[in-house]
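Both complexes shown next keep subunit A, but they swap its partner, so subunit B is in the first and subunit C is in the second.
Then we have the complex of A and B:
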């Protein structure tokens, strides 16, 4: 038996961890023509860039890795307000795509997060747990993305493959 | 397994949280004014009631914030502010 799912480990994304007052973060993002998401644990997307609202005063900015320099240049402001924190974390996470008709079945093995559309909507993005690890889960059109600390990427890949081909 | 409602994330599995222990009584304004017995009692004798306890949980594998809930230590029910079972 196996689930009708494709698992793909992605290349790195450009990632900037952003903490601080929403007003100040929004002002910085305006320089990239990006806005903050409207609701907790959702994303705001513009083209291939996304902002995930992951906690009180905590967002993650994501873009293709080739745009890393452009992101940093766009966010640059001198001086940066001392109340906010911007940290480049592109190499900190391993992202996986879990796509296909039974993606939700695989996610249900990995994570206790309620992924029903009424709770975790189209632009849902949240930190939760996957295989006992802290993990980021993002809904995409054909399934989900799952990100874990990159040092645990090989282990997570192995777990996902074992779930798919049970 | 508890289902704990985080103000930011909504209802989540207990396994996403780290138990932070019961809310402690406030430190006395003037410890020097207390008897030794009362001071030692404050420092070292935790309440361990059967029934509702206000306690802290850390949403570590979630949004990262600290959450305060009232949990009945006998039934495991999570109660709202009025002491009613939330289910």
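Then we have the complex of A and C:
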């Protein structure tokens, strides 16, 4: 290991892709004691659940995989209006945790996004690019989380290992 | 321990306590930590260190940095690299280098014979060989003679290259006096500052001079400024890091040659900067006189650097040739360092007294020029004459220091598309109007005196920070001692009487004054033309010391001002950059993205032959048994589907959930056929056209519920279709209420296909009624299969009964194992994409990249039925109608049966009339061995194909012509009874 980082491919999370007007999505989330992020490129967290801003009228809800069924049940208590889209995507993403003193060094190789603490502070979350792939980047603890399409998980792991080891 | 007989006992910035052994051209030497290869060799009196590119003339070291035009070396061993300027190679223990472009050595070079046939090698001779009699005669010889070092056969480095992204408010390029001042001003404001310098230590030009600030060595101020910058958390300082490209949107590329991370060989930074201060200094220019390339002719500033920075005397006795006052300080430093100044030859009629005062007792020949350098392998003297004409006299010397003035280093500013203007006062091109938020400072802006450079740098750095909203305050700057000023009078070349005299404008590429004059006579007088015709300004040094003299010579020859001649385009990279530093970690397995499905590892363990099959998915091509060949494997797999049962991994197919009130409108706009009438639980095959009426994609879309659909697309075009849909919704139909979520990786699928597929499904255990009437073709059912929640679709890409079992990706590997176990009694086997290809060709199903080649519309493929007559509009409708109204012949899908049934033909092979070498009338889109026909079958697109059934056509291959019969494009179950069974 050349950089002082720990890289860990994470187990599945329960993930729901949420699209619709903020007001309506927020109302759904309220039933789960969750809120939408305050601003673009940020996350809202409550315990081990989080909501990531992915784009205009587009968020990703994340929770432990054990809560997947409960999460869906909570969101689908009533029939959804047609203008809202909630799609289970737990299996669509591979998440990586890059933590440690030099996590930013590794992320600088991966992503063109400015991840400096002054512009991407705690709760920073952006749907951007990593290793030329679409990726979700989240600042967490002493590092970052990186999520890519599951099919690209092995390649991303390969790339991360190349950055940190030789 | 002196590190060479030309090394002074004291002074310089080398560490005499750290001697380093190195080899050059096989000989052992010793230098010191802090040396470059150039300084270490000069310390040993080395002169002839290279041979020239074209004439193989003897050459020595001319510069002291990146401007070096003459001497390039090849590094061997652990740092193997070609064509390194000798002046930028840092000395290290065990360094092994050799001269390039000479054999066997620079001292005895066989190709030096080129000097004697120089008249045969005029400007543009290379291009002239194309004209007569046959360039093939010359090419091998030119190839052998040209070029410099060979590329290393393999990368011997231990470690990785790295590219990374970076962002800053202010990027300061150059850590000389102006750059340091700019960085201090911006850094103190709190702005995020990135300071990059191409040298191993900061100071820039001050490292090679004896300048003072406030009466103490200027390098003391450099040390203080650097320490302050290093103490600022908001400042990042890079050393040995050259900024070599300025791209659009303030993107600059920096390559750090010796990053702190031990495992990183070199690191390239892709920097997005808010503001850029270019403080890259200036480059001294050569003077152009006969034999100005002899070893021992050196830039005055380079000689000054060697004596000051490296404590090396580049000669015993020097003649200084200059057209400006700056070189007098260089000569004074040389004198102080122990080099005798034999004379100063100054082309100006009047030399300012303050300049002469720096060299008391030295003969200053005002209004004089050096006509010719004496000596061959080393300078032995200078023939000096009055500029106005007259007989020359020879002054004995072993070093000629030349100064043709200074050119601001505007390369990056020009790369940023900033305009340049010629400043007559300093006879140089200087920055003009900027195209990006960039500004030059100090010498790069034409401010050559130290005080001016400091003030300019501080001002530009302060303003850059203020522009971005930071509160910046002016710096208190130290005062520089007043010098002799600059006072240049341009001298682009010394006119020569002798036609054989070689006065080099571009030393690296052996371009002389007469070459430029010939180029002008032959019609290549524009500066960009002259560059290409003569190669002036090309190559490794990119003409850093000589371009201005080329421009001046063109201007003089054509009677134009230099502004009218202009410069050639400054291109990146500013200095050579390793390819590895561009690629970074993107090498070997990650050069291109690759995608895996949940059963990729299983496939590998089974020995499947894996390769990419669209959109970067690695898929099994086929599963060979021991001792089984390709065709045998594919036949076995295809037969399993036709006669029994098989399974394939269909996970890569593109999948999208589409929701919203206007979802049916979107589908009806996208597809050529009607989707609004689709009932929940059913699906429909559709074709999607581009705006120009050509097939973009095909697939099946199911209706899951009210306002809710599941669209499948081809594997290869999934991403393109997604972009297409999002573009429609965001740009063209923003009022439509539709949400699209890609679910390709959420749902993985195993497709069980073949006459016994229903039996396998039953054996797996499912709560879905599989009866044909309950679960017909093109239907979708949610339920459980093998205890997994599943969404099963009855679609078929093979022409046989098929069940596409979609499960959450996390479950596919387990489901797959169950299918293999349960299917074993039925003879179920896995099949790869090759068998799938055979099966679809037998059915005549279209395939993107084969029949759908970007030129076909639905009618061409015999699918006019899918063009809805009920819908008012859909994408591509009008374009198809307009195109077909011309009634021109179209290439149409046909089947092809080669007359020799055993003959497979190459996919993509042209069909030509009679097999003659004529314009093609179509091509073979697919050719396979059919397991149901037991012969080869093919599909093709043939002009007016449907009207030519039964005709004989010809496949034109490289060495033969294969006749074939035109038939209907379906070779199996034309009524589709099996897939609906």
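Miscellaneous remarks
Note that in this section the second predicted complex is superposed on the first by the 163 of 166 C-alpha atoms of A that agree within 3 Å, B and C clash if a C-alpha of one lies under 4 Å from a C-alpha of the other, contacts with A are read in each partner's own complex, and residues count from 1 in each chain.
Rule of thumb we're sticking to: contacts are C-beta pairs under 8 Å (C-beta built on N, C-alpha and C of every residue); 3 or more make two chains touch, one makes a residue touch a chain.
For clarity, every value in this text was computed on a predicted model and none was experimentally measured.
Contacts of A:150 after superposition on the shared chain: subunit C is touched, whereas subunit B is not.
When the shared chain is aligned, subunit B comes close enough to touch A:54, but subunit C does not. Using the contact criterion defined above for the overlaid structures, shared-chain residue A:125 touches neither subunit B nor subunit C, since it reaches no partner. Comparing subunit B with subunit C, the partner in contact with more residues of subunit A is C. Residue contacts after overlaying the shared chain place A:90 against subunit C, while subunit B stays out of touching range. With both structures placed on the common chain, the touch criterion links A:114 to subunit B and to subunit C.
In the superposed pair of complexes, A:158 makes contact with subunit C only, with no contact to subunit B. Looking at the shared chain after the overlay, A:13 reaches neither subunit B nor subunit C. For the contact definition in use here, the residues of subunit A common to its subunit B contact set and its subunit C contact set are 112-114, 119, 132-133. Against subunit A, in their complex, subunit B makes its touches with residues 8-13, 15-16, 60-65. The touching residues of subunit C, counted against subunit A in their complex, run 158-160, 162-167, 192, 261-264, 270, 272, 584-585, 587, 589-590, 593-597, 600, 617, 651-652, 657, 659-661, 706-707, 737, 739, 741-748, 808-810. The touching residues of subunit A, when paired with subunit B in their complex, are 40-41, 54-56, 58, 112-114, 119, 126-129, 132-135. Residues of subunit A that touch subunit C in their complex: 2-3, 12, 17, 19-20, 82-85, 87-93, 105, 108-109, 111-114, 116, 118-119, 131-133, 149-155, 158-159, 162-163, 165-166.
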